[in-house]
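Structure, as structure tokens:
The letters A, B and C name the chains in turn, as written, and every chain counts its residues from 1.
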Amino acid sequence: MDETQFLNLHKDRYFSSDPDQRKIARHLYQLVENLPLICPHGHVDPLLFADNRPFPGPTELLVIPDHYLFRMLYSQGVRLEQLGIPRIDGGTTESGYRKIWQMVADFFYLFRATPTGGWMKHELHEVFGVRKRLNSETAMEIYDQLQTELQKPENLPRAMFERFNIEVLSTTDSPIDTLEQHQKIRESGWKGRIVPAFRPDNVTDFTQSNWLKNIGKLSQVSGIDCNNYKGYIAALEQRRRFFKQTGATSTDHGVLTPFTDELTAGEAEKLYEKALQGTSTPEDAKRFTGHMLMEMARMSIEDGLTMQIHPGVVRNHNPEIFRVFGADKGCDIPSATDYVHNMKPLLNKFGNDPRLTLIVFTIDETSYSRELAPLAGHYPAMKLGPAWWFHDSREGMLRYRHMTTETAGIYNTVGFNDDTRAFPSIPARHDVARRIDCRFLAELVAEHVIDIDEAEEMIVDMSFNLAKKNYKL
Amino acid sequence: MDETQFLNLHKDRYFSSDPDQRKIARHLYQLVENLPLICPHGHVDPLLFADNRPFPGPTELLVIPDHYLFRMLYSQGVRLEQLGIPRIDGGTTESGYRKIWQMVADFFYLFRATPTGGWMKHELHEVFGVRKRLNSETAMEIYDQLQTELQKPENLPRAMFERFNIEVLSTTDSPIDTLEQHQKIRESGWKGRIVPAFRPDNVTDFTQSNWLKNIGKLSQVSGIDCNNYKGYIAALEQRRRFFKQTGATSTDHGVLTPFTDELTAGEAEKLYEKALQGTSTPEDAKRFTGHMLMEMARMSIEDGLTMQIHPGVVRNHNPEIFRVFGADKGCDIPSATDYVHNMKPLLNKFGNDPRLTLIVFTIDETSYSRELAPLAGHYPAMKLGPAWWFHDSREGMLRYRHMTTETAGIYNTVGFNDDTRAFPSIPARHDVARRIDCRFLAELVAEHVIDIDEAEEMIVDMSFNLAKKNYKL
Amino acid sequence: MDETQFLNLHKDRYFSSDPDQRKIARHLYQLVENLPLICPHGHVDPLLFADNRPFPGPTELLVIPDHYLFRMLYSQGVRLEQLGIPRIDGGTTESGYRKIWQMVADFFYLFRATPTGGWMKHELHEVFGVRKRLNSETAMEIYDQLQTELQKPENLPRAMFERFNIEVLSTTDSPIDTLEQHQKIRESGWKGRIVPAFRPDNVTDFTQSNWLKNIGKLSQVSGIDCNNYKGYIAALEQRRRFFKQTGATSTDHGVLTPFTDELTAGEAEKLYEKALQGTSTPEDAKRFTGHMLMEMARMSIEDGLTMQIHPGVVRNHNPEIFRVFGADKGCDIPSATDYVHNMKPLLNKFGNDPRLTLIVFTIDETSYSRELAPLAGHYPAMKLGPAWWFHDSREGMLRYRHMTTETAGIYNTVGFNDDTRAFPSIPARHDVARRIDCRFLAELVAEHVIDIDEAEEMIVDMSFNLAKKNYKL
């Protein structure tokens, strides 16, 4: 075979090329390579495991739902219609899946040195047994191979879950979700552990387009009248209990800024009423969201659910794409985020309480060493989430360790989250995280900062124990 | 010769000292070392090539015009008068060029590990054949050698241009410039390709001291009455056409912030009238500048000129130096710059149009991974300019690649710009960029992120093709 | 001995594991390893040397005063009471020092890869001769060993000062301090050089709780009536003279932001009166503090004291801890800091004056390459303080060099400050700084950026000369 066609997944990938460091990294990696995967935060659809039907073809599985992937082609002038991304209005988009796959292959060079490129190589090689590089020439051959693979029993969702050695996988779910799929999985007798997570943004943020409708549904699913603030709070408490009973161990909160501020009961009521009447302002929404983060922290102390905050993203930066294709189409852009002032009210009220586990994420890397590591290195309740999103990458994770460890230590971090809706990419993502942590520790050992036995303990904590502990899994 | 006097320009400079990486970097470097130089953005005076007269002496060529150099001496207590920097009022400054050169040599240790130090070493060694280090002892000997060299025919500007293997060099020019020097070069029959670039800041920014005067000149050179907004816009369109006819392929915009905002025709007219009457406020100026960026993007879509934005610099931070010596004296200081909100109006209107090539620069490195790579990795029109100014350096360029590649890929970047007015330093600057890109890719190959054949393609793209393509050269 | 119990303080620690770089780093290190320590900024209590009594036991010496240490245990759920931290109300806290030491040992794994962990290892090994790692098993044995050591004559404060090879140590002192301990040291005939530094925050910042009381004391110690602004200024000038006579060569200013702004005499008087009457607003306080920085710069030009600014810290972020335990309990959190606009008034008025040495620190690393290196690389008066506080660490110092050297050079930096109140940790801290500078320069030599003889000069400047020169010691 022409060597340039060979899909290279080198056993030492992502380790330093320094011989001392590489040797240590290899040693550490063999300690964690085969540990079960803990997936405490992600967006895989539970329906996959409830139904356990074969995955659709390569394009529907690997291209159309992956905004990391198609955003890069879009940035180089390929239209989303050409990639088969469905339009909201149901208008025509490319339906020739082979043609789309060929186009992705033609443009696959764009992903050189990107996480998407690395994950895809891992997926093709390890999950589907592909041995050729994806490019214009090999596109159809690989498409055929994937088609065949996807029909095999070992590639059914549940079989894959087992093959991947996943110990537990958390989905992310709306409070108005009945968790029917989760119930179905539990009742099926299958032993795979899939748990929900409580993400109430669509009922706590007035600016969400369907907020009022969602409040109606919240009344309905909870059986508690949400036409007033007290009922609303009671309904949220009820839903959290229900989620917990269905296996949830955590909540998640996506907010524009991590602004927190406690309102008096009267103020909160008033803002809630205004929202019901459709007269609330953006400032009202901001204040109410900030208040609800406080409320969620309070409830977490009561019910023990680990609380996550994912702030700092300007969602749907491109209104034209949002209008035609909707949300999650690669148009979310990070912006500068302050934690030290915004989170002060919440931390001052609840941050000293060790019953709370509050995991804070950032997409603004400047806050790692300036704000987040210092905060996590002080407040008992606060922990630092792993490198998120664009920084869930070889270099992003390395920067994260370099910029947080000296001030917060590794024990105020919580291991890895794959945060993905792309189920078959899960092993690839965990593998990068484990390799980068091995690399980071190998450098510390080779430079005589820590001893090898310390690194051996730390790598198991970073790869497995910290996630389990902090998410109570 | 005393070894400590020997000017060391090591063949492996700037490559990693890791043997694996160094070997790969050497291999990649020999693929691009001798490629022609593409110089799509810079500030060399076209008069050099129109006249083709010998350069003046070493001090006038290498010290007095170089604010990178004299700022460092100034920071250590040397007065600008002592360095022969001309005063606006024509007051006395040092005119003993040998004395100035001696002082620079005495202080040359300040430039250890700085880009200026590296460029100067390269220039002395490669362009002028100097083999001793510049210091107090060697100062006069090197001065004499340079004097001799500068009289040789191979060191005339056009001969140097050819020796440097420059394929094309863009100057930066005002809309009220008649481009006479460019015409003269073209008419001379010389084959060197020198093209102008359209930089209209002095007629789009009301706060510039000569704005009103410049508007008068704009009317004059365009033959279109600029006493009203419509005429003004028409005149700018006319000048762009003229620049394009004279070879221009790009525009450039230096703004305090990348704020953009479309005004209604009525508002724009009103602000323009106020400015003509001398009654506009700083806020008016900001809004008009933001509007004109939108207009420039519109015109770029129409005439195909690549658009560049260089924002985020507090110009003339030191008013005393500005008063006595004028602009560009090393007193421009970067400040924190937001792109995600500021550029939203422009990107929302024109960012989805692949006919536009909008190259955005930054001097605030925090925006690389947080804002610019995510934006460039999404909007078809937007590309990321190379590491700029203080970051046009060994470490700055390496940080740039590390912080942008995973999210934007290399194909949303545009190769290298030397951005210099110091013509003899051009090969030095391109050489640093090529070496650092080789180093960056060598690391990726040695750590098994990409394969060697991929790196071989990428290095040619980074060193040559991307600049050519994005600047349409 | 069980190898995992062995305290490893490797001779190559913190050097790169790259063989070329390591070899060069070793060579550079032996040039500076034994140079005397210059300690121009810190918080050691002069009483130690005035009294020269034996240090108390291990827990009182190494745990209770060290907020770097106990903040990490607090972040993991250990209460400050359990660690014997004294309560303001005199309430009960743990008084079993062996029990506290055992708890620190049990949790010592938290400090893996942190500066506190590294300093402690160095201190135990080099200062006290401990050869076992601190952990649950060894805790009591090491406690006993330390107890014994602390009684030895060579571990009395003055003997330690000499053993540590400290050439000069600056304390930090309030203007209302009579410097009695400093006088006592001078009169004792002991030759150790301990000098005060003038830190007037408690009389320049209206928001400090005891401001009014402190003004009363200022009148008293200066013998100048401070009931009006003119007297206040005169008293400060008088105190500076007194500090200078007692050996001071510098002042220090801890401010929330580096905001500077010159008030008219009338405005300043008015704000001062309001403060005396207890009616000043936070905005008044901010403006007055900004004005006083200008005044302090003026006085520094007159009396020659080097001026330091330490801005950007949100003090006492956790009000509950502040209420119960007071200040300096590990609850100070950095926040984003602007220098380019805030310091413009001061730099514009005094920055061109080479008689002023103004050393600026930051805890916001984003300002290194964006603002501070460009400012220090231009203004003659301004110099860049070393990596501060959380960044006074192996990786923090390396980032500092990487992000400032290319733009400011090393000659606009001022060497190392240990900035500590933990006297026995001083050699550890200087050793890290020297090792990291060796490592940084070794990389530059190995990558052919500078020559070895240049590095040899630079390392001595970075380890010794620059601190001496810029602090006039």
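Rule of thumb we're sticking to: contacts are C-beta pairs under 8 Å (C-beta built on N, C-alpha and C of every residue); 3 or more make two chains touch, one makes a residue touch a chain.
Just so it is clear, the model here is predicted, and its values are computed rather than measured.
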{"item": "Set of chains whose contacts include both chain C and chain A", "value": "B"}
{"item": "Same vs different contact residues, chain A with chain B, by half of numbers used", "value": "different"}
{"item": "Chain A and chain B, separation of their C-alpha mean positions in angstrom", "value": "40"}
{"item": "Chain C, residues touching no fewer than two other chains", "value": "18, 336, 366"}
{"item": "Interfacial residue positions of chain A with respect to chain B in the complex", "value": "4, 8, 10, 12-18, 71-72, 74-77, 109-115, 118, 314, 317-321, 330-331, 333-336, 363-366, 390-391, 393-396"}
{"item": "Of chain C, residues touching chain B in the complex", "value": "18, 20-21, 336, 338, 340-341, 344, 347-348, 351-352, 354, 366, 369-371, 373-380, 382, 402-403, 405-412, 443-444, 446-451, 453-454, 457-458"}
